[in-house]
Each structure stands twice: as structure tokens, then as C-alpha cells.
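To start, the structure under review is shown below, and the notes come after it.
Residue numbering begins at 1 within each chain, and the chains themselves are lettered A, B and C in the order written.
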Amino acid sequence: MSASSLPLGILRYAALSLVAAILLLPIYWLVMSSFRPADEIFRFAGAFSLETLVPRTLTLENYQQIFAGTFTRALFNSIFVSFATVFLGVFVNSMAGFAFAVFDFPFKKPLFVIVLLSFMMPFESIVIPLYTLMRTFSLTDTYAALILPEVAGGLIIFLFRQFFAGIPKEIYEAARVDGASWWQIYLRMTMPLSGPTIATASLMMFIHQWDAFFWPLVATSSADLAVVQVAIARNMTLEQANWGALFASASTAVLVAAIPFTILQRYYVRVVVTHADK
Amino acid sequence: MKASRRTFLKAGLGAGALIAAPHVARAQQTTLKVVWVGWPENQVTPLFAEFEKRNPTIKTAVERLPFSQVFQALEIRLNARTGDPDIFIVDSPLTASYAARGHLMPLDALVDKSRFAPSAITAASYDGKMYSAPFGTSMQVLYYNRTLFKDAGIEPPTADMGKRWTWEQVLEAGKKIAKPADNVWGFTFEQQERPYQLLPLGQSLGGTALSPDGFKATGFIDGPAFVEGFTFMQKLYTEAKISPPGQFDTALTPELFGAGKCGMLLGGTFIYDTLKSKFPNLDFGVAPHPYFAKGKPVTPTGAWNFGINARSTQKEAVAQFAKDMLSDDMNTLWFKLRPYVPTLNAVWQRDAASFSSDLWKIVKSELETTAVPRPATPGWREYEDILRVALRDMQAGGNPAEMLKAAAQRIDREIAKYKG
Amino acid sequence: MMRVKPWLPFAFLAPALLGLFVFRFVPIGISLVGSFFGQSIRGDTLFVGLKNYLDLFGDPTFWGSVWTTLLFNVIINPLQVVLALGLAMLARRPTKFVDIFRASFLLPMTVSIALTSIIWSIMLDPTLGPVNGFLRWLGLPAQSFFRSPDQALPTLILVATWKGVGYWMVFLLAGLLAIPESLNEAAAIDGASPWRRFWHVTLPLMKRPLAFVMVADTAANFLLFAPVYIVTNGGPNGATHLLMFEAYQSAFAFLNHGRSLAISTIILLIVIAIALMELRLFRPEEEADTP
């Protein structure tokens, strides 16, 4: 970094730190609260003191409590469902995005508008027919009910289409001249060139499934199929809330979901480094 | 033109529907699908384990739905109009709504009503028939913080039913305790926005929350008694400033009281155990529900019942479920697992020792003399939702008479669809 | 655009279209048709024509939520996109610790929307909330946030932005990182100021990612209602009564599915109209086939 840009650099770090602090503070409070004993969770919240930020007593009882129950199973279910959706979804949606980005075909525009429409209809408005449909297929109360409806996604197709469209068409023409099939071009050229796009799309699908609450609740009834958000929500009832268990399970969910993000992080950095190497 | 959306779906998808048809019950063993609330596992599983032990031919597949979406998820399942689930949890004031829409099977032939508290039977009935099974009810008592009362130099209320405090006394004591600038409050409702908790304010002054047929709110909820009762409620927040405004989370008000920042809390029986276990240093006592000096004492009641899906195909098994769950033994077990106020007279008699405390003496007396269930109407969801928003806005300073009038009109419009 | 054998594009589209057809188009179709039906309390559906729509147009509650929804979106969509772009620019360079900052921007999106609502409702609680605790400590008056008619909608916007901004940043960052450094360097050598380089080099190359983020963000914010359902219930005084909440309430509290589906259809039409406008606005010059 040159000398003249040093103040600018400091300014940037200051801005980055400020934004990070604002974004992280609520999560910090959530995680800290999960280590507090029941009578101290709200004790220091309404009047600010050091204890508002740093627990006076640390305890693992909230975590012991949730892991003694069915929370582990719910965690596993969500991990499985999220990864399965991402795995299938990357292929299904990138293929469609590829078709919209590269080919010219009849009814392309109306078809694309319909794909866009599919993520603009509120899910709550289609949940009743969707549930009836799943019953008809005898798919309710299975992993398939949690995974299949979320594999093909209009938003993900749109994402792939936008980023694929940025790849110059000339390279495809060259490959065609060399005798490559379109399937080979998609698999060997477009996909390897689209690392960040695939990572981003995977992240969207992962988060979508990780956050899923209403549909899993409706579509499954077995205790063995409960997902993580349902397990978290069970800590609150009208008569009483188990704040400690709620915060402990929520913190676990947040931190487990952060793992794929950290991996993605590294990936971005690597892409930039390759750019710099050129 | 008259068409059913279900027919439309079936026509579209053809024979697929056949696959989804419920399996024909085998002679020896049947499985009942049960939707319950997502209470802690160790409070729910033992109940059904015991039921299966007592009824070896019946298995139960129990689903614990989180409270926040229990009604919505049930709505979708029931809307599919199949026999799934066979049994489901019913918030007692929703009995009429489910019954009117054909989701519940009448239970009159299966249950001896004389074994239950009369208010529980009223809350479980609609149109002269009993549609849901009383499986515990609720009652509100006044919790007070002895330390805050002592510091303010005032005498706290007592558990003596004869010395029940008036709202005027609550207001006066609250004023002496509250220091809003220091975040210390005089009084709070546990559920500051819910009609369940707030309707008794108007009922104590002689108001009726809804027309007896359950279809008209105008002339009832916007009548002078409720305007006066809710104007008093508003005063707690705006003029006297003894109640914490905007504290609508029913799980946070007990925390406020537990943290020693509120002199009095009008709340359910569940808070008692929570406070005892969570806040060992809190010195608190219980007293009966307040009333207006010129009115009469009225307390809210009603809680979780269960119902049988009218479309359940396993008629014998569901009947057996209802009978056995309502037996003295199973009710006593449920009380031990999750201490809702018992509706079954036998439970009160059987375990007299558990009910000898101030709390339970008050609860028993209130149930027998002052408890009024929420109005029986198929439109309870609509009624509650609309009134709830109005109550919030009144606490923020909205004109009670105007807001009640507007709410009553909106309720009437929404309830109209249930007529005929 | 590539002209190929007519069946080939459809072979690539088939798996996705099959999934969308079964799990989205059919239910959406049923719901659209449902907006022309009413339901008797026993569950029989009756054809009512345009009645659900006409009832809405004559209902002041509906128009109130239309206004609130438009106001909410006119503020939140540009705000989120601009903030996300700013963050992406800040986090673009591979300087020290930048991966830590990027990760911290992403963390809020791992918090589900229901949980976001609960956490912020506690953080901003008038009595027990740490934010008001801090204000009192500073000697400032406690604020009502979600509980005040004036502050509720801005608070909702801030909370939604807290969760959303990192999410939208991801796409823009991916777009920025795809721009070759050499282009920027060439412009810098030509003596272009950073502002000019951003405006004339970076932005034109960001049209596709920006179009995506605009459309996706618009759809997400028009469909947002969890914080309203969990925290404000549409209040105070209707300040946060978004259309989507009205649709949800109509279906699940008022059991008026026809009305709910009519509102959903209207939301769908508004969003698609805005999305097509955004796509046209951000269409790269060489692309003619963007709708």
C-alpha cells in the first residue's frame, strides 16, 4: 500500500470495524446470554453496566439441557436436508440458468417471466395446495417432502442466468469449433469458470433450508424429522419461555451455519489471489 | 356455479389420491396420530407412554408443534379434510371455531360431564354440545414483590379471599412503587395485550364481551363497561405510568417481575413455579385477582383442551383415547407432568396436599365463584386478533371509545361469515 | 445468442422446470384460481368472480396496507442495495483481516428471520432491552422503537436491513470480484479519479449482479412479514401493517382464504411489474433478450 493512501486505508478499516460491530452486537448478546444462568439473562439488560456485556456467572447448563434432548437429531436433519438441497439444486438450477443465458429458443421470454413469478408468490399462499399435493403423492412426513420442493428455485435459476450471461460467448464458439458438445461446455467450461457464483447459489439454498420453519412444520409430523428451527421454536410457549435453552439452541444453529460461510470466505479470497497473479 | 377446490385437485391428479388414503386399521393394533403443543419432551412423552401401557392395542404418534405456529399448521392439516390427525390440541376458546367448521366430533356420549368444573364444560361446548375435552384450565392471581412493598412503606395484599384488593388499591400502591425513570414499575399484566387477560376489566363492571349468540360485538365490547374498564387500563400506562408500556411478550413480563423491577404482576399459575425455580432470592406472595370497587370480581379461565377429528377413521380407538385420557388417573398424571389448573373434580380431591398452598386455595375458590370463560363464538380468532391490536393502541394513548367501536364493527364484519 | 437444435435448451431446462411445475406452478395456479372463490364455513368453495378483489378495493384497511407496503419498499430496497454495494466495495480488496470482516457481515444472515425478530424485539424492548439500558446509562430518554407509531416502520426497516445487507453484499461481491483488476488499473493509469472509475468502469460491469440483487431484494421485502407477525402485529396504529401481513392474517386468523389469495395475487402483480422495470433499467446494452 502506498504512503498516500494510508489515511484512506485507516478510514476503510474504521468503517469496516464500525459496520462489523453493529452487525455482530446482537449475535454477541445472544451467544453470551446462552451462557448465563436463568436468573441473570435479563437481570443486567435494562440497566447498562459491564455485566450487560460480560456475564457475571458462566454456565453450560443451557447447553447440557438442549443436548440431552432431541436437539442433536434436529441439527442433523437440517444439515442433511440443507446439503441434499444444495447438491441437487446446484445442478438442476445451473443447467436451467445456462439454457436461459446461452441459448435462443421459442417462448424464452415468457418462460423466463414465469420462472421469476415462481419466487414472487408468497409461500404462505401456496402452502395449502402444496400440502394437499404432497399428501396425494404420499410424500408427507418424509425427507423428500423437505428437500424436493426446494430443489428447483426460480431465484437460483435467475442468479445463474445473470452470472452466466456475463461469460463471453466467443469462448463457447471456439469450443464448438473444437467439437465439444454443449453438455461438455456446460460441465467443463461454464461451471469451472463460475466458482463464486456456485458458492453464492449454494449459500442461498443452504440458508433457505437452514431457516426453513413453516413448511417443515406442516409437511412432517414425526419427531425424527423435526428440523432445527422447529426445535428452537419449541422453547417458547404461551405460559413460559425457556430463554436459556432458546438462546443456546439458537446460538448453536447460528454457529453451525457459519461453518459453510467460513469455507466460502476462503474461496473468495483464493479467487482474488488468482486474479492478482495474472 | 359451485365447485370444490379439492375436487379440482383430485381431477387434476387422478388416481394418486388413492395411494394417500389412510391405511385400513388392522384388527390388533392401531396408531393414532396426535398433534400436541411443543411442551418439553419430558412433560409430554410420559403421558403417552402411560396411555400406551394402559391401552396395549393403541399406539400413539405424537407431534409436538411449536406454540407460535400451532394454529396455522393445524389449519393447513385440517383444511385438507382427512382423518389426519386423529386427535389434536384445542385452545378452549377455539372449540366453537373448529366445531362450526366440522373439524370436531361431539363427545357428549363419551364423557360424564358432572365430573368436571362447570366453567370447564362451558368452555368446551358449542351449540349445546361438548366438542372438546377439558384437559386443564387456567386462572390468574396477583403476584406481589414483598421487598418492593416494604421499601415503599406500604402493606401488600393478602391471600385472604375476603380482603381482595380493588383496582383502585392496585393503582395507589403502584404509584408508590413505580419509578419509571429507573425502570421500576408498579404493576403489570402478564399478557398485556390479550383479551383473555383484559376482558375481566370490563366484565367486572358488568359488561358482556359478545352477544349471547356469539355473532355480535357492537353494543357489547364497545359498551360503557368496557370503555370504562379499558380507560382505566390506559391510565396505568399513560397518566399514572405504573405499567411498562409496549411490553407485549408474555415471556418477558415474568422476567421483569423476577428481576425485582415490578411491584405486582397479574399472571397465570405457571409463573409461580417458574419464579420459584428461576429466582431463588425473590421474595414474593400471591393474592386474589383485583376487581373494581363498584363492580364484582371476575377472573379469566380456559386453556388447552383436546379434540377428536370428526373425520378420523379409527372410531373405536379415538373413543378409547378420549375416555382414558379423561380418567382420574391420567388427569392426575398430566397435572404432575404439567400443572395446569385441574378441571376434573377428582384431581383436586385425590391429592389434597398439593393444593394446600395459598396459590391453589385462591385458584380453587376463584374457579368456583368468579371464573368466566371467553365468549363462545366460531369467530374467536378474529375477535381476539382485532381486539388485541386495539388494546395495544389504547395503551399507547388511542381513544378507547373510538377504538372499541371500530374494533367491534370490524369483528362483526369478520364474524358474519359464520352465520348460517 | 446461440441457435441450436430446438430440443437442446429444453433438455437443460427439463429438471428445473419439472420441479418448478409440480411444486410451484401447480400450487400457484390453484391459488390464483382460488382468489376467485369463497369458502363456506364447512369448507365448500363457491365461485364468487371478482368479489374478493372488489371487496378489497372498497376496504380502507387494504389501501392503508398498500400505502404502508409501498412506503416500506421505496425506502428499504434502495437502502439495502446501496449499503450492500458500499460494503462490497469496502470488503473488495484482499487486505489484511478482510476475511474476518466479510465473515462478520455474513453472520446475521445465518440467524433465521423469526429469531431475528425475537432477538431485536428483546434488544429494543422498552423496559428490559439492552439498547434502552444503554440509552438510560447515557442519560438519554428510553425509546419505544417498535412500540411507537413514528418509530415502528423505521425500526422494521433497520432490523430487516441488519439481516439483509450482508446477504445482498455476497452477490455484489461476487460480481465485483469477477471484474478483472487490469481494467481498473488501466483507468487509474489514465488518471481517472476513484469516483470516475467507480461510475464508468465498475458500475457498467455490475449491471447484471445489480439487476439480480434489485429484483431479488424487491421480492424478498414485499414478501417479508415475520417481524410484523412476531413483534408488532401490524401496529401501532397500523404503522407496520404490510400487505403480506394482511394476506397472512386473512388466511390464518380470519380464515378468509379468498381474500388472502386475492391480496397475494396483487402482491405478485406489483412485484413482477417492478422486477421487469428493474431488469429493463439494468439491461446491459448487448443484451436484447432480457424481458
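Everything below uses one rule, namely that a residue touches a chain if its C-beta (ideal position, glycine included) is under 8 Å from a C-beta of that chain, and two chains touch if they have at least 3 such contacts.
Note that the structure is predicted; figures quoted are calculated from it, not measured.
Visitor: What chains touch subunit B and also subunit C?
Guide: The common neighbours are A.
Visitor: With centres defined by CA atoms only, which chain is the most remote from subunit C?
Guide: B
Visitor: Is the number of contacting C-beta pairs greater for A-B or for A-C?
Guide: Pair with more contacting C-beta pairs, A-B versus A-C: A-C.
Visitor: From the C-alpha centre of subunit A to that of subunit B, how far is it in Å?
Guide: So the centre of subunit A lies 37 Å away from the centre of subunit B.
Visitor: Centroid from C-alpha atoms only, then distance subunit A to subunit C, rounded to Å. What do you get?
Guide: Chain centroid spacing, subunit A to subunit C, equals 15 Å.
Visitor: Check each residue of subunit C and list the ones that touch at least two other chains.
Guide: Only 26, 30, 34, 114, 122, 125, 127-128, 136, 252 qualify.
Visitor: Could you pull out the residues of subunit A that touch at least 2 other chains?
Guide: Only 42, 46-47, 127-129, 133, 213, 233 qualify.
Visitor: Residue numbers in subunit B touching 2 or more other chains?
Guide: As it turns out, subunit B has residues touching two or more other chains at 5, 9, 68, 72, 79, 183, 252, 255-256, 259, 261.
Visitor: What part of subunit B is in contact with subunit A in the complex they form?
Guide: Subunit B reaches subunit A through residues 5-6, 9-10, 13, 16-17, 19-20, 33, 35, 37-41, 61-69, 72-73, 76-77, 79-80, 82, 85, 183, 250-252, 254-256, 258-259, 261, 268, 270-271, 274, 277-281.
Visitor: With touch defined as at the start, can you tell me which subunit C residues reach subunit B in the complex?
Guide: Listed in rising order, the residues are 26, 30, 33-34, 37, 41-47, 61, 114, 121-122, 125-128, 136, 142, 144, 146-149, 230, 233-237, 249, 252-256.
Visitor: Touching subunit C in the complex: which residues of subunit B?
Guide: It comes out as residues 1-5, 8-9, 12, 68, 71-72, 75, 79, 81, 97, 100-102, 183, 185, 244-247, 249, 252, 255-256, 259, 261, 378, 381-382, 385, 388-389, 392-393, 396, 398, 410, 414, 417-418.
Visitor: Would you mind writing out the residues of subunit A in touch with subunit B in their complex?
Guide: My answer: residues 38-39, 41-43, 46-47, 69-70, 127-129, 131-133, 135-138, 213-214, 217-218, 221-223, 230, 233-234, 236-243.
Visitor: What residues of subunit C sit close enough to touch subunit A in their complex?
Guide: Contacts found on subunit C: 1-4, 6, 8-10, 12-13, 15-20, 22-28, 30-31, 34, 87, 90-91, 94-95, 97-99, 101-115, 118-120, 122-123, 125, 127-130, 132-134, 136-137, 162, 165-167, 170-171, 173-175, 177-178, 180-182, 208-209, 211-212, 215-216, 219, 222-223, 244, 247-248, 251-252, 257, 260-261, 264, 267-268, 271-272, 275-276, 284, 287, 289, 291.
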